[in-house]
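Per-chain residue numbering starts at 1, and chain names A, B, C and D are given in the order in which the chains are listed.
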Amino acid sequence: MVMLFPMMGGEITPIVVGFAIGFLFGTQVYSNVSRRTVVMIICLCIVGASLFQAPVFTWSLIGGYITDGLSFAAPFISATIGILLGWAVRGGK
Amino acid sequence: MGSIESLYDKIKNFTAQFFGGKGFSSTMTGYTTAELQASVFLLVLASLFRIFSVPLGIILVIAAIAGVIVFAPLIVTLERENESDLNRVLFWVVIYFAIIIAVTMWGR
Amino acid sequence: MEMKELRGSRGVLAAVALLIIFIGVTVAFVQLNGNVARGISPEYNRLAHLQQPNSLSAWVYDWRGFDTLIETGVIYVGAVVSVLVIGRGLVRMKQVEGEEPVPQTSLDLKIGSVNAILKYFIFPLVILLAAYGILIVTGAATSGGGGFQCGVVVASAYLIGAVFFGKKNPLNFRRKFLIAIGSFGWALYALLGLPGYLVTGYWQYNVGTDLWSSIAGFPAQIPSILHTIFGDPYRLALVLKGGTFYSTAGIVPLINIGEAFNVIGAICLIFLVFIYGWSDTEEAKA
Amino acid sequence: MSAVATNLWTIPLFVIIPIITAILLNLLYNKSRTIKVIAIASSIVLFVLALISPYGFQWFTGQPGVTPGGTYTFDASIFSYRLSLEYYFGGLQQILITIMSLLLVFVVFLSASSLRKNIGPYIALIFLLFMSSAIIIMVNDFYHLWIGVEMGSLLLAGVVAASGESISQKAALKYTFFSALSGAGMAIALAMILGVTGYSNITNAIQYIMSDNLSSLSGVLYIAFGFFVLSWIYAGGLAPIHPLKSDVYGSAFPHATVMLQTQSKLMIVAMGLIILRLFGTLPFAREVMLSVSVLTMIMGVTMALIQTDLRWTLAYLVVAHSGLVTLGISLGTVQGITGGLFQAVNDIVYMSVLLICCEAVMYFGKGTSIKTVGGIAKRAPWLALAVVIGAFAASGVPPFNGFQSEIILIQASLSSGLPEVAAIVLMVSVTTFIALFKPIYNIFLKPDNSPIAMEGDAGAGIATMAMVQPTSPVPKSIYLFLAILIAIIIVLGVYPQLALGFVQDTAIKVVYFPWVP
């Protein structure tokens, strides 16, 4: 039951909010680690997202829902990316 | 035998025993007043128990008078029990609470 | 009072008193057993589905939203007080000479043998924990999680960073940042009551969900613009046996974000103060 | 009966304005001028709000009540089970919050002008203290009562610890330690009441207790009562916890103590009335409350007599006079409760006068101990007059307000058949006079014979300059505040009906319609 449209607001808003908060916290991250670690974080994050699964009552692909039993917690991924981006932009001080 | 004056001297000497050193510092007057107050309060409190039964009140008043005389400087004890020491306060809270529970639950 | 004193008759007295308290409380609990009245709670459960899929969030934030606002305040105050006491601001009167406060020294954390592990593992863990906290707060409309849980998870990430990296904490929250998000969070929570207050007079009326304006005696109708602003961003389709229902949590997710910010700010600030100390000179440098 | 508003507009503002102000002040941190402006403006707004507010309810989050028929209502006068959190603003709330916000204006002004650093977070805490007290006096819900008490004790600890002396930090720590004990106790009490009745709303709980036969569950109610009284004792600093509370009062700055004692009076009144409404019909409930109050009075005044520092004398007197308030409440008659509530109002005012005078004494730079300060009446005669008037009011001398409430209390205890209690009230007011006049005589009237002043007589250095200049370091604003408060004292002393009109209504409701907040 994959739906692209119409998508409910409740499926996209958490992703945006997660990214924004992640970016905010990312600006506070202080570390100088290798590119390999960053790749590892992203891989771990996707594994984690599949373990957490999509939020209940999420039906769209963007929301992270693929089929029953296989879905991704999209806000988790977006939050991680937000943190990494925030770190890249303003962190490291 | 003795004249009025010697009686006066005797009383004066007797009362002078109670004061070591200079008897009229502002601290000392506070303690003396507090001592008197505390004993009077104790008597009034004891008499308050007449609302439960009059004989109990009488017995308690007599006991209070005896207590005031025996444990003479009450204020010293009172001051010690009024310390803000944590264990002491905790002790009194426990006692109070036990009395409240005992009276309300099994008091009738 | 010395412990010595408690060994004598006072100790016996205290023990008897504790025994009386114990018996009394036990009697009360035995009496209560099986006699608990349900009161109003079935009504809450009957209504919960009308506004969002998760009745826990509904209960905590919609009915008791104001209550939680003040509870949040307790955490905020806790942070302000610990910071005040630990060193940011012992207040002094102009006229009166006071004792000088003891200078704060930060806890020195020695990192020796954990180096190999932390190089590969702890940094990703900290980042992912923080992201997990954010996941929890974004899912507040649909799951049991909420602001407080988010705050605690992020704070634990911060604490792990502090334990393993010492002063080079990867989640290097700065003081002003923490104070700012803590204050912003509580203010956001408090001010989210404003739309409902202005429209209906009830503080923190959930204008996005708008359960009650159809009932007689309710003072006002909610303008559709408010309903859209606060309702639509979190609208979800509930595909249930009985059909598809459309439900929104209204201002509850936003409240949760406020709560999360407040808790992150407050708890991390408490950690920061207790671990790193707080001296005015360092603050001036920062 | 006309519909009673359940969305009274002023009630949320009493909570939200202090919160927002506190957040702003905490962010501003050390910008003293801005802080002063914002804080004073906000406290004046609160005062005006309290003055003009109509009476009514606020059902927070706008959830209605459920009638027994299963329909919903937004009318407080219809019998219903409340889904929402309920606050009530009536006569008692109006007079207490008005006075508290007036004091808030003074306290904020004093602390903003007399403190050196970090005033932002400190004044923020004072605003939150106001908020928590307002919550406690308005709330009609157990959960929120508990949160108010918890937050109040935390704030109290914060305000006290902020003054930065080791003694005050110790006092704050001890007091918070006990908050764990009594906060948990109160939580147990609330859990038991909730378990028995199923309602966290006080009105609903009382209705349930009165309408249902709970004789098989009476043990639960007794234990709940015990725990409730324990936390009442804690919140008000009554008898066994009074050493901790007087430590707190004595070691905070006097201007902070003004707010702290106001908060504790409000807590005593609010919780005492709730205990009376809920458990007033239980056997021995009033006797327990009465004995706690009598012991508090006795301990308070006796300990006040032996203090040698004006701050500490006042600290113990505040405790003792809390006993007068609770005495009236625990008598449980209309006259007694009226007297207790009126005493609370008077007490807040005259103790504030004394405490502000005490703060003014600190401006002379030698502390407040009777051993170090002296001869202040010469340098600040108006201050001496104010402190004497405050002492007269506190000890119940006729043209002032303390007399009016104490005479009501004495009459109430006489008509309840307790002449001994009346005697104790009389003795407490007389002893208050004695306890206060020792420090007042030593600090204000006795010539200054401290070492520095002696040096000054010998004609050396700066001390001489201080002696030669008769100007007092006390700012004019303090005289203004004292004048306002003394005006209130005299007005209430001459026309007690002004305040009695506010509190009598509450007293009647507590006795005859206990479910009505």
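Methods note: a residue touches a chain if its C-beta (ideal position, glycine included) is under 8 Å from a C-beta of that chain, and two chains touch if they have at least 3 such contacts.
Model, not experiment: these values are computed from the prediction.
Peer 1: Can you check which chain pair, C-D or B-C, has more C-beta pairs in contact?
Peer 2: C-D
Peer 1: Comparing chain centres built from Cα atoms against the global Cα centre, which chain wins on proximity?
Peer 2: D
Peer 1: Indicate the whole-number Å distance between the mean C-alpha point of chain B and the mean C-alpha point of chain C.
Peer 2: Once rounded, the distance between the two centres reads 50 Å.
Peer 1: Please work out the Cα centroid separation of chain C and chain D, and write it as a whole number of Å.
Peer 2: Spacing between the chain centres: roughly 29 Å.
Peer 1: So, what's the distance in Å between the C-alpha centres of chain C and chain A?
Peer 2: Roughly 23 Å separates the two chain centres.
Peer 1: Do you know which chain A residues sit against two or more other chains?
Peer 2: Chain A, residues with two or more chain partners: not present.
Peer 1: Hey, what residues on chain D touch two or more of the other chains?
Peer 2: 219, 222-223, 226
Peer 1: Can you list every residue of chain C that touches 2 or more other chains, as numbers and ranges?
Peer 2: Chain C, residues with two or more chain partners: 24, 27.
Peer 1: Of all possible chain pairs, which ones touch?
Peer 2: Pairs flagged as touching, ordered by label: A-C, B-C, B-D, C-D.
Peer 1: Which positions of chain D touch chain C when the two form their complex?
Peer 2: So the residues of chain D touching chain C come out as 3, 6-9, 11-12, 15-16, 19-20, 23, 26-27, 58-64, 66, 72-75, 81-85, 114-122, 124-125, 128, 131, 135, 141, 143-144, 147-148, 150-151, 154-155, 157-158, 161-166, 169, 172, 188, 192, 194-199, 201, 204, 208, 216-220, 222-224, 226, 253, 362-365, 367, 473.
Peer 1: What part of chain A is in contact with chain C in the complex they form?
Peer 2: Residue list for chain A touching chain C: 1, 8-11, 13-15, 17-18, 21-22, 24-25, 28-31, 33, 37, 40-41, 44-45, 48, 52, 55-59, 73, 75-76, 79-80, 82-84.
Peer 1: Which residues of chain D touch chain B in their complex?
Peer 2: 171, 174, 177-178, 181, 219, 222-223, 225-226, 229-230, 233, 239-244, 246-247, 282-285, 287-288, 292, 294, 298-299, 301-303, 305-308, 370, 417-418, 420-421, 423-424, 427, 431, 434-435, 438, 442
Peer 1: Name, in rising order, each residue of chain B that touches chain D in their complex.
Peer 2: Touch residues, chain B against chain D: 26-27, 29-31, 33-34, 37-38, 40-41, 44-45, 47-48, 51, 75, 78-79, 82-86, 88-90, 92-93, 95-97, 100-101, 103-105, 107-108.
Peer 1: Report the residues of chain C in contact with chain A in the complex, numbered from low to high.
Peer 2: Per the touch definition, chain C meets chain A at residues 53-54, 120, 123-124, 127-128, 130-132, 134-135, 137-139, 141-143, 154, 168-174, 177, 181, 232-239, 246, 248-249, 253, 257.
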